[in-house]
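A, B and C label the chains in the order they appear, each numbered from 1.
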Amino acid sequence: MEQILQVFFNAAILERAWPFLMRGVTMTLLLSLVVVPIGLASGLAVAMLYHLHRKWLSRFLIAYVDFFRAFPPLVLLLFIYGGLPFLGIDLPLFGTVALAFLLNTSSYYGEIFRAGLESVPAGQAEAARSTGLSRGQTMLWVILPQATRNVLPDLISNTLEVIKLTTLASVIGFTELLNNARNAQALTYNATPIVAAALIYLVLLWPLVRLVSRLEHKSIAVR
Amino acid sequence: MELQRLAFSFFNGDVASRYWPDIVHGMWVTTYLAAAIVATGLAAGLALAMARSFHFRPASFLIVVFADAFRALPPLVVIIVLFFAFPYVDLAMSAFSATWLALSLVLAAFAEEIFWAGILSVPKGQTEAARSTGMSRLQTLVYVILPQAVRLTIAPLTNRMIAVTKGTALGSVVAVHEIIYYASSGASEAGNPTPLTLGAAAYVVLFLPVVMFSRWIETRFAWKR
Amino acid sequence: MLKGIDLAVAQGELVFIIGPSGSGKSTLLRCCNRLEEPTSGSVVVDGTDITRPDVDLNRVRQKIGMVFQSFNLYPHMNALGNVTLALRKVQGLGRAEAEAQGMAALTRVGLAEKARAYPNELSGGQQQRVAIARALALEPKILLFDEPTSALDPELVGSVLKVMRELRESGMTMVVVSHEMQFARAAADRVVFMDGGVILEQGRPEKIFSRPDHARVGEFVARIASHQ
């Protein structure tokens, strides 16, 4: 028992590592604040392009989405990180991470928004167009609000996944929470920093998990 | 010239011929690991959902805590805690076991929630009808509720299985000898990204059919909205 | 599929279109505001050929109101929101002005007190009247009704027909696709019978319903009447 406390919950070590961990939390939140909006925007773009129902464009988009859904995000990240320099492109670490996330999350959010747009009955657009609303106005004021509401549980659930994925950036040395925790662990030769990091993730993300659960059960209840 | 350089970098025949046996071995490890995770995770998730359906409060509470925790924790964090933290208390496990256990726990947590949602979606009258014919709780669950519940769970389970098994790539962080481990060590050894290309192609070969299968599943067994 | 339809609707006229399913009634109606694109020919509304490529379709459509079988109210907006959306976004009215105009339209269909209700809080008949108000608010020159009562429970049909009758009396030009024969008999100026994408016969309601020239029209009318 004593030993477990010493190794996993060592107060002295936690105190030393704390500022370091907090800087990691800040970077994790910052990274999330960048990659989630990028993912939402690009996913929405993918879905709206699909919604034009141009045969070849749709096929291309499905291929794009499936390709990046088949690709483990870590592989994508390492491929971009390791491959871009050979193309003579020198992206900063943040840019590398953002690019990998753009490709990965646009396909997931894209699938969700696509399902959302398809869930809105065709009569909605017809009614809007019959009152003189343009294509764009119809999309913005009539279709999108309904589509988003219909897939809100999936959107939040995917956002949770995207935030969890930010841990991958630690693999290429981006100094977010997990990366800092591992460095602290290596320096102190004690497991407390990574256990603390795990608990921080738990505290930060647990509310989102609860929210997803509630929304999903609610949507089952109304069926 | 540019194109030639591109080909030399990413599609270098010499490098490819040197490293493809490693990648193939990695593919085998990835497949094996993924299969083990799917088997363990689904079985554990189903068992937990069934246990929860008996409405024994303390057990249900623990199951919910477990499911919440492993849905909230990033899988990479779970792997790293298992692999790097437990050796300090003499509970060392191999990188393969740590990855297998971590991702099985994660899949079990998600699978439990999906199976549970499926069980809840079956109308109460089904249980009442079955119990009124003298079937036990377990019999009711196995013969009446689950067959109806499973149909609704197929599409979300497939998607979650894909997401979690793609996580086998995370094993490379603790040096599991799977595809991306060979691909990145090969790339740095050769000073050429061709092994990364091979690795990427290997994942597409393994997972693209599964993703396409899931698309088919989704249209076939879609949640009725 | 429509084959050479030639139909003129006078101002203030109520034209009723009947015919078996698949006869092209709805298609004809939807060509009138180009929800369906005619492959050839022209559609002239209020002196404007709306099939010309340089026509501002969204401008024209405001003058051609449409009411759908399935109401197609926007579920995320309350009744007033449904009625004022196009006023605000297309005509660019301010909120106050749009709401005043929207309330006037809701009052005409007898639903002023339901302005803040959402579609799922309204009965089918009320939803359809909100949909009529949505079209009316734009002050259209003509109203198109695509089977406005066929998705309604029988006891709710009357409230919608009452609104349509009042519109008729106020001089609104209307084209109605429907099987409400009694209503047609009482309110229509002209009944058009369509079959296989062509107009088979048209005339005063009493003529079409009592002594049509074509046997097929008589059979159809008798079949519908026996269901009502």
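As a working rule, contacts are C-beta pairs under 8 Å (C-beta built on N, C-alpha and C of every residue); 3 or more make two chains touch, one makes a residue touch a chain.
This is a predicted model, so every value here is computed, not measured.
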Taking the touch definition from the header, please name the shape of the chain graph: line, ring, star, complete or other. line
Sorted by contact pairs, first entry is A-B
Suppose each chain is reduced to the average of its Cα coordinates; what separation in Å results between subunit A and subunit B? 18
Give, as an integer number of Å, the spacing between the C-alpha centres of subunit C and subunit A. 47
How many Å are there between the centre of subunit B and the centre of subunit C, using C-alpha atoms for each centre? 54
Sequence positions of subunit A contacting 2 or more other chains: none
Please give the residue numbers of subunit C that touch subunit A in the complex, ascending. 33, 35, 58-62, 64-66, 68, 70, 72-76, 85-86, 89-90, 131, 134-135, 138
Show me the residue ranges of subunit A that touch subunit B in the complex, using the header's touch definition. 3-4, 7-8, 62, 66-67, 69-76, 78-79, 82-83, 86-87, 119, 150, 160-161, 164-168, 170-171, 178, 182, 185, 190-191, 194-195, 197-198, 201-202, 205-206, 208-210, 212-213, 216-217, 220, 223
Mind pulling up the subunit B residues that touch subunit A in the complex? 6, 9-10, 68-69, 71-78, 80-81, 84-86, 88-89, 113, 117, 120-121, 162-163, 166-170, 172-173, 179-180, 183-184, 187-188, 192-193, 196-197, 199-200, 203-204, 207-208, 210-212, 215, 223-225
Which residues, counting only subunit A, touch subunit C once they are in their complex? 121, 123-124, 126-134, 137, 141-142, 145-146, 149
